[in-house]
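The following pair of complexes shares a single chain, chain A, combined with chain B in the former and chain C in the latter.
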Partner chain A sequence: MSTLNAALNASASALNAERTRIEVAVSNLANAESTRGADGKPYRRRDVVLAADHSFEKALGEAGAIGVKVAAIVEDNEPFQRRHDPSHPDADAEGFVAMPNVNTPEEMVNMLSASRAYQANLTAIGLIRELVQKALELGK
Partner chain B sequence: MSIPAIGPLVAPSTVSPSTSTSPAPSAGFVESLGKLLETTEASGDAANTAVEKMLDGRGEVHDAMIALQRAEFALQFTVQVRNKLVQAYQDIMRMSV
Partner chain C sequence: MSTITDGAIMAALGRQLTKAVAQQAVAAGNLANIDTPGYRAREASFGDVLDGEIGKLALTTTSSNQIASPLPGVSGGTKEVDGLQSRRDGNNVELDRELLTMNKASSDFAAAGAALAAKFRLIRFAINEGR
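For the complex of A and B:
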């Protein structure tokens, strides 16, 4: 059952990674209008960097399944959007407000893709579960 | 009509030693059964921890469910082994001598 166990571990790591992607997309959406961050500047869009996690492979010898891990959460260095709104308290001398570099449709697409990937990994876990149950029926 | 004499039996000069050695005594069945029970208990404990973590808000739903599933598999496997064991015992007890 070690191979299936490795596959289960890989799927579980993917679930965690996709959950992080969804969380980051949600935080980008939530802060699409935040003009003041922790450093006083507008919110910067964040991105998740995923990496293959070979630690399972080493731990289990020749197991075929390789997990995934969140390598980093990086800030997007695209310039801030400028919106003309002189009455805004954060407007500069010319009446422009620096808005976060968040593109709402893009975040929606990211969120959808992460949620589909999460579902795909859930399906994979369901498949593994079915296989193990069928294998246990051999003993009946 | 001549009948050829029967030749002497030629005994093999050397008998090559059997390559199959007696297998090393494997771990006793009781021992492996104990190990199985320990594994089952450990996976049950892991499931418990995962569920508690989830309830505390520190863990993920899927992690808890996967731990539960693992524990269920381990338990089902143990039950199957136990069923086989009992069945084997009964088969032997029913054997007419």
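For the complex of A and C:
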């Protein structure tokens, strides 16, 4: 039973990680036009770094589930896009505005892939629950 | 007389349950890491263990009154899956393959569970003197 618990925990950790990816993609999309952040500069798009989490495995010997964790949320160092808009309050002397380095299609792809992975892990949780259910019916 | 005892069969069915659980857990781990860069898909491996156990399959008893000892439990590790195509980030987890593994493990578990339940029913039948 403990192995199934570990499998459930691993799947749950994946749900958490994929949710974080969706959250970050959403905040990137929301700030696609934010030209003034806390530091006065335009918003930089952020990316989630995932890493395998072996702490689940150690608890139960060799054949265990490996979870996943959010190792870091890093900022994208790509240069800002420059848009010609002289009437914008943040425009420079030449009339250009530095816009966030957010690429809408890229964020949409990230969000879709995260949501598919979320679904896959939900399916996995369903299958594990099925197994537990069957184990409970053994004595009948 | 050498017969395969109920105990041995039930132990074998129990090991099948354990095997299905291990496969399920490893596949869940793979699915959890479907987006982790550099992660390599793993599978539960029982082959080496089986090779070792096959030699012990012939249960030796010195007297017909002895009950043959059940086989030792399933123990196995995991190994990397060969022959999968890696994505550009070095990850080679395939969603359909893992879901297939989980579904297969689930039905293996159900099959062994049904057989075990049938065994339990027989024992209950014997305990109740055929009633």
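Following the convention adopted for this analysis, the second predicted complex is superposed on the first by the 139 of 140 C-alpha atoms of A that agree within 3 Å, B and C clash if a C-alpha of one lies under 4 Å from a C-alpha of the other, contacts with A are read in each partner's own complex, and residues count from 1 in each chain.
The working rule: a residue touches a chain if its C-beta (ideal position, glycine included) is under 8 Å from a C-beta of that chain, and two chains touch if they have at least 3 such contacts.
Note that this is a predicted model, so its numbers are computed, not measured.
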Clash or fit (per the criteria above) of chain B with chain C on chain A
fit
Does the superposition put A:A120 against chain B (first), chain C (second), both, or neither?
second
With the two complexes superposed on chain A, say which partner A:A6 touches: chain B (first), chain C (second), both, or neither.
second
Where the C-alpha centre of chain A sits as vertex, the angle toward chain B and chain C in the overlay (nearest 10 degrees):
30
Once the shared chain is lined up, is A:A65 touching chain B (first), chain C (second), both, or neither of them?
second
Is A:R129 touching the first partner chain B, the second partner chain C, both, or neither of them?
first
Based on the superposed arrangement, let me know which partner A:G139 touches: chain B (first), chain C (second), both, or neither?
both
By the touch definition at the top of the document, which applies to A:R19: first (chain B), second (chain C), both, or neither?
first
In this superposition, which partner touches a larger number of chain A residues, chain B or chain C?
C
Looking at the overlay, what does A:A52 touch: chain B (first), chain C (second), both, or neither?
second
Smallest separation in Å between any Cα of chain B and any Cα of chain C in the superposed model?
8
Chain B/chain C common contact set on chain A
8, 139-140
Any idea which chain A residues touch chain B in the complex?
1, 8, 12, 15-16, 19, 122, 125, 129, 132-133, 136, 139-140
The answer for chain B against chain A in the complex is residues 60, 62-63, 66, 69-70, 73, 76-77, 80-81, 83-84
Residues of chain C touching chain A in the complex:
17, 20-22, 24-37, 39, 42, 44, 75-78, 95, 98-99, 102-103, 105-106, 109-110, 113, 116-117, 120
Show me the residue ranges of chain A that touch chain C in the complex, using the header's touch definition.
3-4, 6-8, 10-11, 13-14, 17-18, 21, 49-52, 56-57, 62-68, 113-114, 116-117, 120-121, 123-124, 127-128, 130-131, 134-135, 137-140
